[in-house]
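We just call them A, B, C and D in the order they show up, numbering each chain from 1.
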Amino acid sequence: MNYIRESFARQKAMALIGASLTGVSAGKVEVSLPYRDDLTQQKGFVHGGIIGMIADTACGYAAYSLMPASASLVTVEYKINILAPARGALVARGEVLKAGRTLTVARAEVYAQDGKHIATMQQTLMMLPDTADTRDPSCS
Amino acid sequence: MNYIRESFARQKAMALIGASLTGVSAGKVEVSLPYRDDLTQQKGFVHGGIIGMIADTACGYAAYSLMPASASLVTVEYKINILAPARGALVARGEVLKAGRTLTVARAEVYAQDGKHIATMQQTLMMLPDTADTRDPSCS
Amino acid sequence: MNYIRESFARQKAMALIGASLTGVSAGKVEVSLPYRDDLTQQKGFVHGGIIGMIADTACGYAAYSLMPASASLVTVEYKINILAPARGALVARGEVLKAGRTLTVARAEVYAQDGKHIATMQQTLMMLPDTADTRDPSCS
Amino acid sequence: MNYIRESFARQKAMALIGASLTGVSAGKVEVSLPYRDDLTQQKGFVHGGIIGMIADTACGYAAYSLMPASASLVTVEYKINILAPARGALVARGEVLKAGRTLTVARAEVYAQDGKHIATMQQTLMMLPDTADTRDPSCS
């Protein structure tokens, strides 16, 4: 699963928010996010969009973990329900529901450290066969 | 609409990603995001979760703009389709579809500077009447 | 759980498609649908909207099963992924993920008789306290 | 657009609920549904799943109207917000937001006869090139 770890390491947006990859197995990926004051919305809770970011990433890599490393993937869409406000560290656990030839459907659950269920996401991804998962060098 | 601008200014997550409020009117809000390398995913495109963050925020403040300043609101859920990859500045335009007594449904469209349609979001929010839109001082 | 069975029995749309309530417990409801040729789309598979109907109903009654019988509820929104085409009897199993004071989030999984996973739904519902779950007699 | 009308005519589920195709142009399709008592839920409103059926179908044919008649399509997923209860005839207007090579994103708005906005749907569809849009004769 080294290609998963390498791809995650290239996600600068994950470094920006301080998220790390804390679990990878076939069809399952865990992303952890320590609490930081600069991740919050106006009331001091973790921003719903930040919760979406780690759930999105956990779904994406869960899907990618069942694809060949020579492929790349794009997020088609996702839907998230925020179940409770969060003011602390979070973990997003992504899991593949259905890995099709072209499309994969994944789900992520986001939990607080005390086990509270914070959010649930359903996501659709599309595999791009034989496409590099890196920056196109022709782009600045 | 000063309460909208003040609430946005308290969103530290918006400062983190460099987003700003570039339009506010009754039921419509625009959030702009300059391109930055640290907002990208592994292929150098703006991270789908970052796109979600500005669309989420544009929907939320569009909804809030039709509520009394004495109220607060929570995001119930949102669904976003990513229509095209983005490698440049983005603008998210949120608009209220239906403002109910308790629930509001909003939509946001995200565009690139060349007018390309990048993403579309549908969101549900819940009003909390007579609730401060600020940090609870009892929380550290 | 008699109020659940009675409410389901008032759903004429369920009778129209031949769906029945085959399981009710606290927070969980099962709706079964025999295959019929008049439930199909243009290729002879069960119509995606019909799959949505039974998943919607399973979520709704799962949510209602945790509410007082004096309340009523409305569907706020749902999102469904169709995972595989179906040409046979289906069962939709709804389950509550989070029962809040006002909003409930539920999920339904739809399976074929051979255990194939056909669809997955995530739904948001709103409780209306002290509201009759019956027809308003003033409406014709 | 004859292939659209012929495909719709093969949808037995549309006949079951009494829906008809009342508008077809490139990228836009309208489906109309007269009110019938057997389309209702327990409170006498049109069942949310029935509203989903016509919105789903309007999105699907809007997408199909931009594809070659030699192709077929499948619904990947949809998300619908119910904005108001309905007790009368409905019309669903589907429109393509983005027609990609493989995936199409469409939207449908559902209205009551008095112009009330009843529901809004966002849907993703996948084109299957060179695939018959008819029943596989090998299936009984």
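Worth a mention:
The rule we apply is simple: contacts are C-beta pairs under 8 Å (C-beta built on N, C-alpha and C of every residue); 3 or more make two chains touch, one makes a residue touch a chain.
Since we're looking at a predicted model, the values are computed, not measured.
Shared contact partners of chain A and chain C, listed by label: B, D. Between the interfaces C-D and A-D, more contacting C-beta pairs are found at C-D.
Chain D has its Cα centroid 30 Å from the Cα centroid of chain B.
Rounded to whole angstrom, the centroid-to-centroid distance between chain A and chain D, based on C-alpha atoms, equals 32 Å.
Each chain gets a centre from the mean of its Cα atoms; for chain C and chain D, those two points are 20 Å apart. In chain A, the residues touching two or more other chains are 76-77, 79, 81, 105, 122, 124.
For chain B in complex with chain D, the touching residues are 79, 81, 83-84, 97-98, 105, 107, 117, 120, 122, 124.
Those residues of chain B that touch chain C in the shared complex are 76-77, 79, 102-103, 105, 122, 124, 126.
The part of chain B that touches chain A in the complex is made up of residues 7-8, 10-17, 37-44, 47-50, 52-54, 56-57, 60, 72, 74-82, 85, 87, 132-136, 139.
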